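What follows is a set of notes on a single structure, which appears directly below.
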C-alpha cells in the first residue's frame, strides 16, 4: 500500500479536524504500512502518581489508527472507530512522552484494522497494546 | 455479592482520588452487581459534529468498572485497568448526558471483569459496549 | 427487531450449513433480541481435567451470535465473523451442558454486534463472556 | 527474556498435555520473544467453501500464546487463558497450512500478554490477528 499524504500534510489535517488535540500529538512518520505518533505528555494527561491516564492512551491509539488509515485513503472525515481492544501492560515512565508505533494490518472495502504498540520514549518494553477497527466509507475506485 | 459503599460514599471517594474528573461523572446507583454512572456531557467531551469523543466514552466505561469493583472490595487505590474491549455502535444524541449501566460479571482473587452498556439518556439502543478487566491486589480474607 | 425464523427453522438451517457441528448445538430460543443456545458437551470438547476447551467455547459464542443475527436478516450464508473478544472467567462444571444467552446489541447496515454470556447449566455465575461482530452483506430494503 | 525449552522439548510437552491436538500443531520456532507455530490444516478444520473455521484459528492462537509463555516459565500446567481478542481479516487460502507468529509482549508476575499474527503459508497479508492473555501461577524466584 502506498501513502498519499506526508507526515507534514497529515499533521496539518489533524490540526484542522481535531483542533482540540493539536497540542497533544505529533505525526512523526507515515508510510503505507507503519505510522509513528508522539504524544507530548502534559499534566492534563496524568493520573495521581504520574501515570498517563487510560483515556489519554486510548486517545493516542485512536488517533494513530486514524492516521494510519488516512495515509492510504486520503482525507476522509466520515471514518469512525467501531471497535478497540486495549491491554495496559506496564506503568509509563514519569516525565516521558509516549510513542505509538502502528502497523496497518488490513485496509478493506469497509474496514481498516491496525495494531498499535505504545512505548515510553526510549524504552523497549511496550506500556500498552491496542487494536483498532475503523469503518470507512466505500471508496471510489 | 454485597456492596460495602453507598453511591454517596463512592461519589465522595471519586472526588478524592480523581479530582480532575469530578465534574464529569455522577454515581447514580451502586449495589453488589449493578452500577449506574452518569457522564455530564460538556463541550470538552465533544468532537466536531457534536458526537461524544471516543476517549470520553472510554473514560466513562473505565470509571464505571472501577466503581463497580470498589463497591465490593472497598477503597483500594492500587486497582489498575489491564484490558478493555470497546464497541462503538451508534452516534450519541447531541445535547444528552450519557448513562453507563455496568454489570460486575466476576470478582476473583486478582481480577474483576465488568460489562458496560452506554446509552444516551432516555434512549433504549446502546451507543457503546465495553468490557473492562481490572487487576486488584490480593485481599485479606 | 422482529425475528423472521423460529428456533426450529433455525436449527434446520444450522444442520444444513454447518453439518459438522449439528450434534453439538441446539437452538433453544430465538426472538428479535435474545437467543439461547445449548452446547451438548461431549468428550471431544474437553481438556484434561474435564474443562470445556477454549475453542469449544469460542465455537458456542460464534454460532450463538450467528443465530442471533440470522434470526433478523434471514438465511444469509455470506455473513462472516470479523471480531471477537472473549473473557474466560470460571471453570465450567464437569458433566454439564453449556448454555449461551445472547443479546443482539446492534444490527446495522453492514455489522451486527452481539453480547454472549455462557453458563454451565443451572449455574448463575457466567463461565465466559464474548462479544462478537459479524459483517453482513448489504440488505435489500 | 530467555527461553528455557527448545522447540523440540516444547513439541513433546504439547503432545503430553494436549494429546487430542498433537496432530494439528507443530512448534517450528521458540525463543524468548518470538514463537512460530504451524497448523497442519485438515478437513476437520474447514468450513464449507474451504475456509479454516473460526474455532480452529482460535485454537491456533491459543496454543501459540501458551507455547510463547511456557518457553519462558517452563512446564506449568495450571496456566489458563483469561482473555482473547481476535480479528478475522482475510479468508485463508484453500489447501495451505496456517503459520502463527507470536510475540510475547509481557510476562508479569501473574499475567502473560501475547500478540499473534496468523498467515496462510507463503502469504504476506495476515488472515487473522489475536491478542491472548494468560493467567500464570505466581513463580518462585
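First chain written, first letter: the chains are A, B, C and D, and each begins at residue 1.
We take it that a residue touches a chain if its C-beta (ideal position, glycine included) is under 8 Å from a C-beta of that chain, and two chains touch if they have at least 3 such contacts.
On a predicted model such as this, the values are computed, not experimentally measured, just so you know.
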Pair exhibiting more inter-chain C-beta contacts, B-D or B-C: B-C
Inter-chain centre distance, chain B versus chain C - centres from mean C-alpha coordinates, in Å: 27
Centre distance in Å when chain B and chain D are each reduced to the mean of their C-alpha atoms: 33
Per-residue overlap in chain C, given as positions that touch at least 2 other chains: 82-83, 85, 87, 89, 133
Contact graph of the chains (line, ring, star, complete, other): complete
Interfacial residue positions of chain C with respect to chain D in the complex: 17-18, 20, 44, 47-48, 53-56, 58-59, 62, 80-89
Complex interface listing, chain A residues touching chain D: 85, 87, 89-90, 105-106, 108, 113, 115, 117, 125-126, 129, 131, 133
Residues of chain D defined as touching chain B within the complex: 82-83, 85, 110-111, 133, 135
